[in-house]
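Structures for review follow.
Look at the two complexes coming up: subunit A is in both, with subunit B in one and subunit C in the other.
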Partner chain A sequence: MNRIMTIAAGRNVQRAAALAVVVCTLLYPVLFPDQTYMHLIICTLGIYIIVNTGFDVLFGYSGQISLGQAGFYAIGAYFSAIFSKAGIPVLVSMLLAASIAALVGFFLAIPCSKLVHHFLSIVTIGFGEIVRLLALNGPAKLTGGANGIGGIPAVSLFGFQLTSKAAYLYFVVALVLLALFVKRRIVDSRVGRAMIAIKCNPDASEAFGMKLSKYKSMAFTTAAFYAGIGGALYAHLVRFISPESFSADQSSMFLVMILVGGMGTFCGPIIGSVIIIFVTEVLQQFGQYQMLIYGALIIFVLFFMPTGIAGTIRKRYYHLLNRLPVRPGTERGKDAAQEG
Partner chain B sequence: MFGQLLAGGIAVGCIYALIGLGYSLIYSASALMSFVQGEIFMLGAYVAYTIYVSFQIPFALAVLLAILIMFGFGVVLQRGMISPLLKRGAQQIQIVLATIGLSIFLKNFAMIVWGSDVKNFPSALGEAPIRLAGISISPQQIAIVITTFACMLALHFFMSRTKLGTSLRAAAQDPMAAGVVGINVPLTVGVAWALAAALSAVAGILLAPIYGVYPKMGAILSTKGFAAAVLGGYGNMYGAIIGGLIFGVVETMAAGYISSSLKDIISFGVLILVLFVMPHGILKVKAD
Partner chain C sequence: MELLKVDHVTMQFGGLKAINELDMSIEKGEIHGLLGPNGSGKTTCFNVISGVYQPTEGEVLLEGQRINGRQKHQINELGIARTFQHISLFSAMNVLENVMVGQHCRTNAGIASSILHTRSQRLEERRMVERAYELLDFVGLTKRAGELACNLPYGEQRLLEIVRGLASGPKLLMLDEASAGMNSVEKDNLIRIIHAISDQGITILMIEHDMKLAMSLSDQITVLDHGTKIAEGLPQSIQTNPQVIEAYLGKGGVERAKHAAG
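For the complex of A and B:
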């Protein structure tokens, strides 16, 4: 295991591995054009990676818990569906919808930047519920009530209609790469470092002249934008949305993904999304026992990896892995903050 | 109309307060958040239902047994899951994850064991509403209010007058110092989790005759109980009661005067507004 980790710590090895994963994903629809269900799963996985990547900026880096990510996800999905059905080009309506989600995130951050822990949890839970209930009970002409919105137009790119799942897959992969790149730039920037500092010690950061509410709302806005993009992608992928898909369970699923993968890391949200999607698909065959096993599995994993998969690997092989695209300050800083 | 809604709101608020008290107890005793309270609430109702309806045991005995079983469940939960996880280096947020996992497990466990249909829990007090000064109140609502206040009084006296209660408060304030002066801190933490479970079970049994028993009954109640605890000031026993009553009354008033489909939107909106003005809840506690 030590040797595997030493090899994995090499920059070039990581680059090659990332390239291999991307190439395999891209080649998949070419080699297996009939497995449309698998294409659908990969698309969903990509969407979750995008949402979780944004969520990680909020939760893993700036340390603010949110149990209402499904709210932003729903805003993205609903607005994109409504705009595109009104005749606005799909790409524009996706961008518009994500911007609205980001705007909502910014306004939600105004009360939230003063809150911590359970206070923040309940406000975000409440926010998610409000969005879901608005979709359910709002103007039925707009949101369709419990029936949801059907017949959402497909994405068209340069005159091509991306109706097949395989074509959509390429679109999603491109956006995933863009999302990961932007996240990397954000967390490596001055703003990202400020977020980490605020997470580690809010009082000290404030004393150094960082405006907490500014960075906290930046994190919220970023996460909301990512979730909005994810929601819009979801709406144009399945082309039917209903309030069912945006319940509080969806929010806690995002949290589970990010915690299983490991928060505050580059790979964590990706690992978490892959594992949870994989586990859910494998458990499908157990029928009514599916969610029972899923719940038991979460507890089981925690007993052996109390800090998530990426967290545990990082802790055990820290001396080897400190060149991984992982911010070493986050884990240590958290411990220090708890002691203090 | 107003009196009617107020009475209904207080009854619902009492349920939220009972669940919220559980959250507060757990937080003050072990500084942790548990997301399994709603499922304990549901499980308590199911256990009482099974003992009372299936085994035909007298109501009072059945309820007592169910509460005792859930008390034991709380101890097992703390000893079997939470404490070992903490020993293995899990942090607050991983405990949240573990309790989310457990709540998924329990919800589906109930669905498999008892089925997903709504079970009718016969009220031991009859259905005939009592008319009082122009307001009609069901006997179950009166039972909810009386039981809740009895529970709170009992909890208040337990906390302030008994040795175990006092040591629980001491351990909550400073576990290390409490341990130094000879208080059995693990015992007090276990008692707090068990009490929280018992309170949730009481709430479940009280609400069961009104809405019936079904696997998803805990999901929304756990959120609202949590809202009650936070609104009142997290970790503050009396805050949970105030928060629960406010939340219940606001919700019922919104349903009565505005629209029942908008009641949750309004009550959560009010919650966000209150926390915007008072970021630490109504009865201020230091959050860190």
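For the complex of A and C:
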């Protein structure tokens, strides 16, 4: 195992593996053009990875639990549907919808940044329910009530309508890569370090110049934006949305994905999303026992790997996986300095 | 010149006066020891200065500027850094990152410039890394840079707390029992480090239970007992002050101390 990890810790090995995964995903619709159900699953997976990647900034890095991510997800979906049906170009409406989700996240963070643990979970559960009930009971002309919104336009990119799931898959993959890239840069910076520090020790963080509410709300806003983008992507993928897609079950599913995958890691949200989607699909055949097995599996994983899969690996092999920034002035540092 | 002035500060928790009308003045560049038996209000005093508690009465002035009433992160930015009696490192981060987080108040990169990797962000990041390594060199923790803070031996965790404090570029560094849990070799090393910090012109206020260490390092000493200042002055005068001996050894302690010395 140690030898495998030494190889896996190599930067080029990791790059090659990531490239292989991306290439395989992109080739899939070309090699299997008929399996549209799988295309749909991969698109959904991509959307969940985006939502969870943002959620991880909030939960894994800054240490704030949210059981209302489906609320932001719904805001993204509903606003993008409403805007695009009103004639705004789909890409613009997606971006607008995600920005609205982020704004809501920012305002929600004002009370939330003063709360911790179960108090915070209760507020976020409440938030998720409020959004769902607004969609259900709000002005029927806008949200369609229980019937939801149908006939949502497809994404059009450079004049191409992404009506097929295969075409949409490419769009989703591109956004997943962008989402992961941006998250990497956020967490691997002064801001990200402040978030981790606050999670580790809020008192010491404050004594070292960090304003807790600032970084907590930054994390909330980021997670809300990611969830908003995910929701908008979902709306234009399925092209029909209704309140039942945004229930508390959806929120807890996001949480479970992060917990199983490993919070506060790069790969955790990806691994978690893949596993949970895979398990749900496989469990379909067990009918009414589905949730029983699902629950047992989660308890099993969290009992043996309380920090999730990626978290456990990271903890065990920290010395191999952790990369220190090169010291300026040293040989390796000089090369880096010239690059910069 | 006076760097920090604690002016008539009272800190009351319900019926308990943890600090009672404390006056204390710390000169620029000195090493000031804060002594007293357990529960005498030393850490409370640190907490008042660093903004954890708002004093019930009185003022805390840094270079003539009132700092009580400000938030903790602002006080750090104004130039006060501290270590904690109970080690409070960022345990899930490595040693280098802990020092980099310490530089938070002296750096500015925001979320947008971090995502875009702007030129100023990259330069700042590089300066932070460079400075962090310099500081680790200073206390001899460079070889530990990549280890998780929680995996360091106790003595080194104490040193890391000091370096993290230094990283914020303080005018006043407050050490809360920096030598607790250290062996004699580590203590000698600590004395060397505290002298070196002082030589850089940083003023030090330290709570210390190791009398030998406190007496040999301090330029000035303030002694608290039950929240009240009972003595102040040079180490030699403190050692022979009957009130101090009484506070530590109880009534009759003076006689016994004389007997033991004689």
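Annotations
What we mean here is this: the second predicted complex is superposed on the first by the 321 of 340 C-alpha atoms of A that agree within 3 Å, B and C clash if a C-alpha of one lies under 4 Å from a C-alpha of the other, contacts with A are read in each partner's own complex, and residues count from 1 in each chain.
Just so it is clear, contacts are C-beta pairs under 8 Å (C-beta built on N, C-alpha and C of every residue); 3 or more make two chains touch, one makes a residue touch a chain.
Remember, it's a predicted structure, so these values are computed and weren't measured experimentally.
In the superposition on chain A, A:L134 makes contact with subunit B only, while subunit C stays out of contact range. Contact with neither subunit B nor subunit C is seen for A:I309 once the two complexes are overlaid on the shared chain. Looking at the shared chain after the overlay, A:Q288 reaches subunit B, while subunit C stays out of its contact range. In the superposed pair of complexes, A:A81 makes contact with neither subunit B nor subunit C. Note for the complex: subunit A touches subunit B at residues 65, 110-111, 114-119, 121-123, 125-127, 129-130, 133-134, 136-137, 248, 252, 255-256, 259-260, 263, 288-292, 294-299, 302-303, 306-308, 334, 338. Of all residues in subunit C, only 50, 52, 71-73, 76-77, 81-82, 84, 88-94, 96-97, 100-102, 104-105, 107, 109-111, 114-115, 117, 121-126, 128-130, 133, 145-148, 164, 168 touch subunit A in the complex they form.
Those residues of subunit B that touch subunit A in the complex are listed here as 27, 33, 35, 81, 84-85, 88-91, 93-94, 96-98, 100-109, 111-112, 219, 223, 226-227, 229-231, 234, 259, 261-262, 264-265, 268-269, 271-272, 275-276, 279-281, 287-288. Against subunit C, the residues of subunit A that register as touching in their complex are 182, 185-186, 189-194, 196-197, 199-201, 203-211, 218, 222, 264, 318-319, 322, 324-329, 337, 340.
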